[in-house]
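Naming follows writing order (A, B, C and D), and every chain is counted from residue 1.
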């Protein structure tokens, strides 16, 4: 029966999985019992299981279940976050805003929105301009007079709507190298 | 022994080379494409550069392995205990610990060496700044240590001195807890920086008001170098291990005296 | 940086170099060692008309503080000192349409610099737009920073080698600052005082 | 023993050799508040001062102009004073910033002339008495990074509320200003290319660009 030659019929029958009926493969194919090593192990485990008390086993199963479900939770949560993150990155790409850039650059470079008090005709306005740093003992009235009004108007005008505040917390947790 | 050290040196050297070349790899990676890669085929050039760097790293690694295999392992195991693992610590805030540990080993080693040398010298030249006329009974009574006293005692001494001399402003700082360094300044002319070792005065230096508070550098000015010399003389003269408080106090009196003479000289 | 006293030394009927020679012989006899040369210069800028009431900026350099430019702004009512990096000169060039300098006013004092113990002595020949104007002697006592503490010492030292022409009173500028901590800008103030006087004085006859 | 040359002589010599860093190469951008941590993290990895971490600063900047009244062509000289609010004895910083040149498309950065110097604290009074007028002022707080000659600042800009710095400040926008700059002697245009490459590495987190002040002025 055993032959090292290729057996066409056999090949056809096994959809080309087995091509020869040779001595090196036969023991594996025709095995009805487990491998001795595995069988040994199996026996040991069965033995152990038999010795186990029922409720004890139940407890272990419950604990095991708990651990697995916990891990599952963590994995699925991470996956969810990952997907949300990648999808948000994919379509919005909103890490900076052009309008903000322009307003910041204009503020730092030209004092847009920072100027003290309305000064429409470009006239020098020494009381509001110089007062803040004017050395003591300078003429121009007692300090504290006429200093408050100029800036209040500009302040309310410049207050940006604070509703844009998004959840900063989740951004802080985001993986910095996420890509 | 000689050979061992030589090999150890070469091994350390090759580790150093490896590290520096690995650094270059990361540097190149962090820089990305640079202007000097030119325009055409810059990606290829960059990859080639990277490949070259990596090859160097590979070669260096081989060198390290070779030199490590040449080393003879030390006979007995080091008894560093758990501290060995500190070197493998990955969290940033704890990485510094290993360095500190090594440093403290280094310093204790140095101290051992220096004290051995100092011990030899002292044994050969016995010089006595001390009164040796004490009877044995008295000596037993005063046999307490002067350089290992509770901080409160020193604290009390300093405050009492501060109270004693109203013209002197004393500021204290403690780089090492039991050994304060006080800075006694007089007017806006000069200041003395006095280091204590327990209750003993260990070191005095006098400097101009505008100079730094460094304990180890001399004053730039001749006047104050002279005053420092006088203070050293006073310090040695009044040194008495048996009555350290008295020694400090009388030193301070002399110090103030020197000050006033000095001021007189200034103002005529 | 210690307390510095600046005083004028009369040339009488000697020329500038002769006077310097006499003084340097005296100071060498006291055991001083020459340590290079020194230079203090002063450029004065005045504001243009369009800028309102006239103001004056004096820009001074002192070779003792080579990386610093000192400026003194005179508004008529007060003087404001300023110390900056060397690039301030570059900024003054940018300001040339607001503040202009008169070339005739460039004053400088230069000459040998000596060290003797903790003292530093400088013998300066003063020129205003390269006309010889006189001799300024600067003595610095470096360990002390409060003028009141060391004025007597400095007076004695000055009289010791300048003789009767040494000062008997502290410079006017220092008189109400005797208890304060001395800083390099105070030296600059003293130089400016002397330069201003020299500028007003007629050109001395014995130009060499 | 040679006589020391006058300071002006050495300055003109330095000008001739072109060793005075008087050109500023500049790119600007911004990042939204919630992403600034990510940007800082990335900069930490890219920049030189890795071990010491980013250097933080908290500065008060006063912008003055010196202008002459009643002249046909207005003469204007802008001057800026910057002082640290977090370090007490740090010197003040005086700075002249000239007109910026955008150049053509091929030039990677804005270039403007700049004279930068440390000065004593009397500077504010000095400038006021000199005839300068305080135009505006603001507070900048943030972090500074270095990479070679490049300087990267990430800062929050605050408007002054009260009369003293530190009280009643109010942020200008929901973003941090990001600036990449190099001070160099004129003619060293190669640095611009390095800056462009570096800016490229920060995309898409921050778009560092040449920003035209004139166009901004018209737009807003």
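Following the convention adopted for this analysis, a residue touches a chain if its C-beta (ideal position, glycine included) is under 8 Å from a C-beta of that chain, and two chains touch if they have at least 3 such contacts.
As the structure is a prediction and not an experimental result, all values here were calculated from the model.
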item: Chain whose Cα centroid lies at the greatest distance from that of subunit D; value: B
item: Comparison of C-D and A-D (more C-beta pairs in contact); value: A-D
item: Chain centroid nearest the full-protein CA centroid; value: D
item: Subunit A and subunit B, separation of their C-alpha mean positions in angstrom; value: 47
item: Centre distance in Å when subunit C and subunit D are each reduced to the mean of their C-alpha atoms; value: 36
item: Whole-Å separation of chain centres (CA-atom averages), subunit A against subunit C; value: 68
item: Multi-chain contact residues (two or more partners), subunit D; value: 69, 125
item: Residue numbers of subunit C (touch at least two other chains); value: none
item: Topology of the chain contact graph, where touching chains are joined (line, ring, star, complete, other); value: other
item: In the complex with subunit D, residue positions of subunit B that touch it; value: 30-35
item: Subunit C contact footprint on subunit B (complex, rising order); value: 187-190, 208-210, 219-224, 263, 265-268
item: Touch list for subunit D against partner subunit B, complex; value: 45-46, 190, 193-194, 197, 200-201
item: Complex contacts: residues of subunit C adjacent to subunit D; value: 34, 36-39, 41, 43, 47-48, 50-52, 55, 57, 61, 63, 66, 69, 71, 73, 75, 78, 80-91, 94-95, 97-98, 108, 110
item: Touching residues (chain side subunit D, partner subunit A) in the complex; value: 28-35, 37-38, 41-42, 61-63, 69, 124-125, 128, 133-138, 140, 157, 159-161, 163, 170, 172-175, 177, 204-207, 209, 211, 213, 216-217, 219-220
